[in-house]
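See below for the structure under consideration.
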Amino acid sequence: MGECPHIKLCDRQKNTNVRLSLPAVCIVWQTAMIILFGVFIRYNEESDAHWIEHRKAKNISSDIENDFYFRYPSFQDVHVMIFVGFGFLMTFLKRYSFGAVGFNFLIAAFGLQWALLMQGWFHSLDYTDGKIKIGIENLINADFCVAGCLIAYGAVLGKVSPVQLLVLTLFGITLFAVEEYIILNLIHARDAGGSMVIHTFGGYYGLAISWMLYRPNLDQSSRLQGSVYHSDVFAMIGTLFLWMFWPSFNSAITDHGDGQHRAAINTYLALASTVLTTMAVSSLFQKHGKLDMVHIQNSTLAGGVAVGTAAEFMLMPYGSLIVGFCCGIVSTLGYIYLTPFMEKHLKIQDTCGIHNLHAMPGVIGGIVGAITAAAATESVYGPEGLINTFDFVGDFKDMVPTQQGGHQAAGICVAICFGVGGGIIVGCILRLPIWGDPADDNCFDDEPYWELPDDEESIPPVLQYNNHMRNKDV
Amino acid sequence: MGECPHIKLCDRQKNTNVRLSLPAVCIVWQTAMIILFGVFIRYNEESDAHWIEHRKAKNISSDIENDFYFRYPSFQDVHVMIFVGFGFLMTFLKRYSFGAVGFNFLIAAFGLQWALLMQGWFHSLDYTDGKIKIGIENLINADFCVAGCLIAYGAVLGKVSPVQLLVLTLFGITLFAVEEYIILNLIHARDAGGSMVIHTFGGYYGLAISWMLYRPNLDQSSRLQGSVYHSDVFAMIGTLFLWMFWPSFNSAITDHGDGQHRAAINTYLALASTVLTTMAVSSLFQKHGKLDMVHIQNSTLAGGVAVGTAAEFMLMPYGSLIVGFCCGIVSTLGYIYLTPFMEKHLKIQDTCGIHNLHAMPGVIGGIVGAITAAAATESVYGPEGLINTFDFVGDFKDMVPTQQGGHQAAGICVAICFGVGGGIIVGCILRLPIWGDPADDNCFDDEPYWELPDDEESIPPVLQYNNHMRNKDV
Amino acid sequence: MGECPHIKLCDRQKNTNVRLSLPAVCIVWQTAMIILFGVFIRYNEESDAHWIEHRKAKNISSDIENDFYFRYPSFQDVHVMIFVGFGFLMTFLKRYSFGAVGFNFLIAAFGLQWALLMQGWFHSLDYTDGKIKIGIENLINADFCVAGCLIAYGAVLGKVSPVQLLVLTLFGITLFAVEEYIILNLIHARDAGGSMVIHTFGGYYGLAISWMLYRPNLDQSSRLQGSVYHSDVFAMIGTLFLWMFWPSFNSAITDHGDGQHRAAINTYLALASTVLTTMAVSSLFQKHGKLDMVHIQNSTLAGGVAVGTAAEFMLMPYGSLIVGFCCGIVSTLGYIYLTPFMEKHLKIQDTCGIHNLHAMPGVIGGIVGAITAAAATESVYGPEGLINTFDFVGDFKDMVPTQQGGHQAAGICVAICFGVGGGIIVGCILRLPIWGDPADDNCFDDEPYWELPDDEESIPPVLQYNNHMRNKDV
């Protein structure tokens, strides 16, 4: 502790006061959202009060045919994943739980509004009146879009200010919408669960930003980089809600009927398989075979990422198990070997290990999707099923599965490029000395941005005792 | 600490032993419920085993047309809000988490039974046989009714005994059912998400009770009025489940089809907007721009309250954002200025700040609903949509939107009157010295009503050390 | 503390290193799953890409008729119960939260795969091609099957190694599938919510194993057998998610339409009633009327167990309340009197009190089901409703309700026999000294199987201070 106070004095000169910048950004951007929504966003025909007339005109027999009833349960599950899943997964640090849950809440709430606009312009623009028409599927897609930015947050957790996170989100959503349009519409790749579009992009976006924001003296915060017993339990809330609702994530926007049904089954199976191999590898590579909570909290989810693209295809139940099996191993090994390597040699400080949970499994998922698509046959899918599943209609009505496999592979490359390229550019912006980020010895700490309760119990008591004695001496 | 033991001895003379009263009330009331259910409550035609015949008679083509499938997902979300949402939101106090979650559980479980009866007599009585016929919509309404009492609990959190809470609930449900009947059926106001019926009523009911139970020496418990680090994280579980599932709350009992669809979208947007302005105001009004967990836990929800009435109307997406925008600001400012003012000058001790989270946003929601209704036009809603949305049928088939706006405004007044009036009367009853409430220096403490684990770690260690030393001296 | 170190040295000779056995079992069993899934498991016609052709052939008018939309919301709720509900319910111990949530996660993830196979062979085998065809209902049933093993885990919580748990699960699932086939198909008992099949079986299975694994010196771990304040709050997360989603559990696989609708209502009511009587008895039997968290966490759920069988019958709302009323009392008294008695005199150490939460209420539920079935009449159910509800078709088309009552009673006996018998056999296997279970003074501790954070705050500070002083003296 001898030199500690000195270092602190120097370092704390870094100004983390966001009293002007944070309110300004929130108010101005929210006002902009209101104006843009006023100009552009309207209800679509299923959420508009004219639905009843529209329904009769289209001879739809029942209100239950409204897309709301196909997708609302999945939407709510996805919503839980975004706010509780991602939020609590990141509470594992001993003194950054407020930041984990709170900033996750902030950037997701902003991001989903901006995503409705960005994705709306690309996908839901009604050319007759120039308005974006939204319904339940748009809400799900907005949540998806936000997920990409929350993944990126995982890489920089504890090292950035809330204003930086809002900037990261603004650009992240923008890049996402463009990348998604290219991959899904121009390249015509399928990616229901977003292995490429969400996880690969979000993962590399976050890693590139983390690389740009490299902090050589981050070990000054090492006292705060671990967990405490109860913060690990809180993180398991996040893990489990992500794990349980992932079948809804991957099936939320797939085709009605068998598409949603199959995507849920495949994801359920892949995730189950991942749990076993994660536990196996975690135990095998630790001293005395003890399990490591970091692996259980994160790698158990890799199967859900990796089955994202192929979940709606005829991957077969055993295929899902195989994907999950491999990803549990790869992801856990990533935590054991790759994360330390990347920090030491590549100058990428990845707080939550998103490379192991999102980037790698995302790429694997893209590859699995490409192979599964290329191997599709009419005998397995049925003639109509093949067209339906791969959407071989309109401009793409002459495509064949092998071609589709190629397009899928192209999609992976686009996602990586957007992630890395976008991350480097946004990282440059975030290096400007105006955002109020914490000093190196002040990372992973809620103290700079949150009023903390007067909570002596969470300071290790021996230290407290020391302080107490010291004060008495004085 | 010198005079503390003395005060405690005096104060603890107040008898908090509920060993007879609590079991007696629980058993007797539950028995009464069984008898009343036996006399009055039966399944409705959609939950009765005769459904299959009824379905054929009515030419309903499929089981999926059963109201169960329209509303069950929303019902479960509402159920989570009631038990986990409200329960955990109140765990923020450092030593009142058992009481927060546990008493919330108790009064909600009792309240929903009593609500099924009270609301049933008003709304679901089958005059052919004098029975109340219940289905999924009744369960949702019962949960809604309970919400009003749980809001009131927030105002008196930590200051009352479980028996008092049961009394508060018994009368609260009764008043709610009457008030709801007047507002929805007699006045013919619309209030799908209960801005008026639930939040305005529940808020003022709780505040009036708190005013009647004013404790001038409550500062004797001030050591327990704050949070600790992990209790704030627990409270965020409540916040997030309320926030995420609020779209289900506001859409749970709206019209099938576009009604549910639109209500979910509007609520989703209003809540997103609230998060940003809450963060902005919280940061702006604190020293060094630090965020305050009390605001994040509560004010972020104000948009959901305020959009309750108008969620099913054609409020437009930007309209929802504006409502959320304003409520985040109003509610956070309420925590900063109004709550201390009310405690000091109006003798209203509002533990959870329900005035800022429910009462004010509820009134705002009522006003927004009145304006939106008055401004409705056939061109926006379509001829059938207008009739459908505002239920201009039967006795009300000649109503026009501007009239409806007036009726909505009348609804707000009724809700406030029932809340304040009912709260004063019930407060009088709760002042009787027979309920086992805690002494002023024993508030916000689980100790009087719960067996506590032998849990040294949650006592601030320095105190412990002191105690330890003192014991050694002896 | 004087003799403690000595005992520890002796006892810790028991080898809890699972570094080879746990990975080996996980990898080998998961590989076996992949092979068996490859050979046996395919999508059913509702999750297969041929669905669209199948739909047209069967003249199904809409995708919404896919069973996915009838059952997916309930499935997700059940999924939450299995992973968050059971997992967090067991986190109440002060130092076994990782094991509670983590091992629950592990065995559920393995169990559901094995259950898909075992139940598939009995119920979903397509004899035309020898394949098991799975859809959403199979996933729900697999989760149900897993629940039986998780119940058993509750009895041995803290006293077994993860490898033992996997063995317990392997045999548990196998026994479950056979028992279920006998009860549902051969005996033709109805058991939608699994009072007999899941809770009675799982309860006695766990108790018999616990009896076989009796530890006479378990009091050496008594310091770890209690809870701490926050671990009790974590456990309430489990309690509430079980409590809230139990209506989905009991209605998840009942008949479409009124069957699901009625099961949800009955369960909702029974659980509400249980809360009140649990609180009453808990308060009445404690000193000063203080509530005991153990009762609130567990006994409040007994009503859901006990209404499992009869939930889909015309139990009537008041019938549900009566069942819940009785079970709250019986279960809480069980915790107060039976659990200590069983530990002392029957050598059954039941960590979570599953006898009170699952075994007894399960048997009560079976009896309630038998009585309700025997009392069924055509006037109450309607002619078609009676046939539908009790499935009086095919080989059983001549059955009458009184007969059905007898069959239900036979089902209870089969469940108990399988539970006790299976538990004894599996208990024998688990006594082999090869599984790496903890020593008597090392139970209820995460330390043997988990890397623990360096977390001084969760050691009682006074001890810490003592250690600190002692170290200084040296």
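The first chain written gets the first letter, and so on, giving A, B and C; residue counts start at 1 in each chain.
Just so we're on the same page, a contact is a pair of C-beta atoms (placed from the backbone, for glycine too) under 8 Å apart; a residue touches a chain by one contact, two chains touch by 3 or more.
By chain, with names taken from UniProt: A, B, C = Rh family C glycoprotein.
Bear in mind that the values here come from a model prediction, so they are computed numbers and not experimental data.
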Checklist entry - Draw the chains as dots and join the ones that touch; what shape do you get: line, ring, star, complete or other? => result complete
Item to check | chain B onto chain C, rotation angle from CA fit, given as a multiple of 5 degrees | outcome: 120
Checklist entry - When the C-alpha atoms of chain A and chain C are each averaged to a single point, how far apart are the two points in Å? => result 32
Checklist entry - Residue numbers in chain C touching 2 or more other chains? => result 61, 64, 69, 73, 230, 237, 457-458, 461, 465
Checklist outcome for this item: In their shared complex, chain A is touched by residues of chain B numbered 61, 64-65, 69-70, 73-74, 77, 94, 226-233, 236-237, 240-241, 243-245, 247-248, 256-258, 260-262, 264-265, 268-269, 271-277, 279-281, 283-284, 286, 288-293, 296, 300, 314, 316-318, 321-322, 325, 380-382, 384-386, 388-389, 457-462, 465
Checklist entry - Hey, which residues of chain C end up touching chain A in the complex? => result 16-20, 22-24, 26-27, 29-31, 33-35, 37-38, 41-43, 46-53, 55, 61-64, 66-69, 72-73, 76, 79-80, 83-84, 87-88, 91, 95, 97-98, 101-102, 105-106, 109-110, 112-113, 116, 134-136, 139, 162, 230, 234, 237, 448-458, 461, 464-465, 468
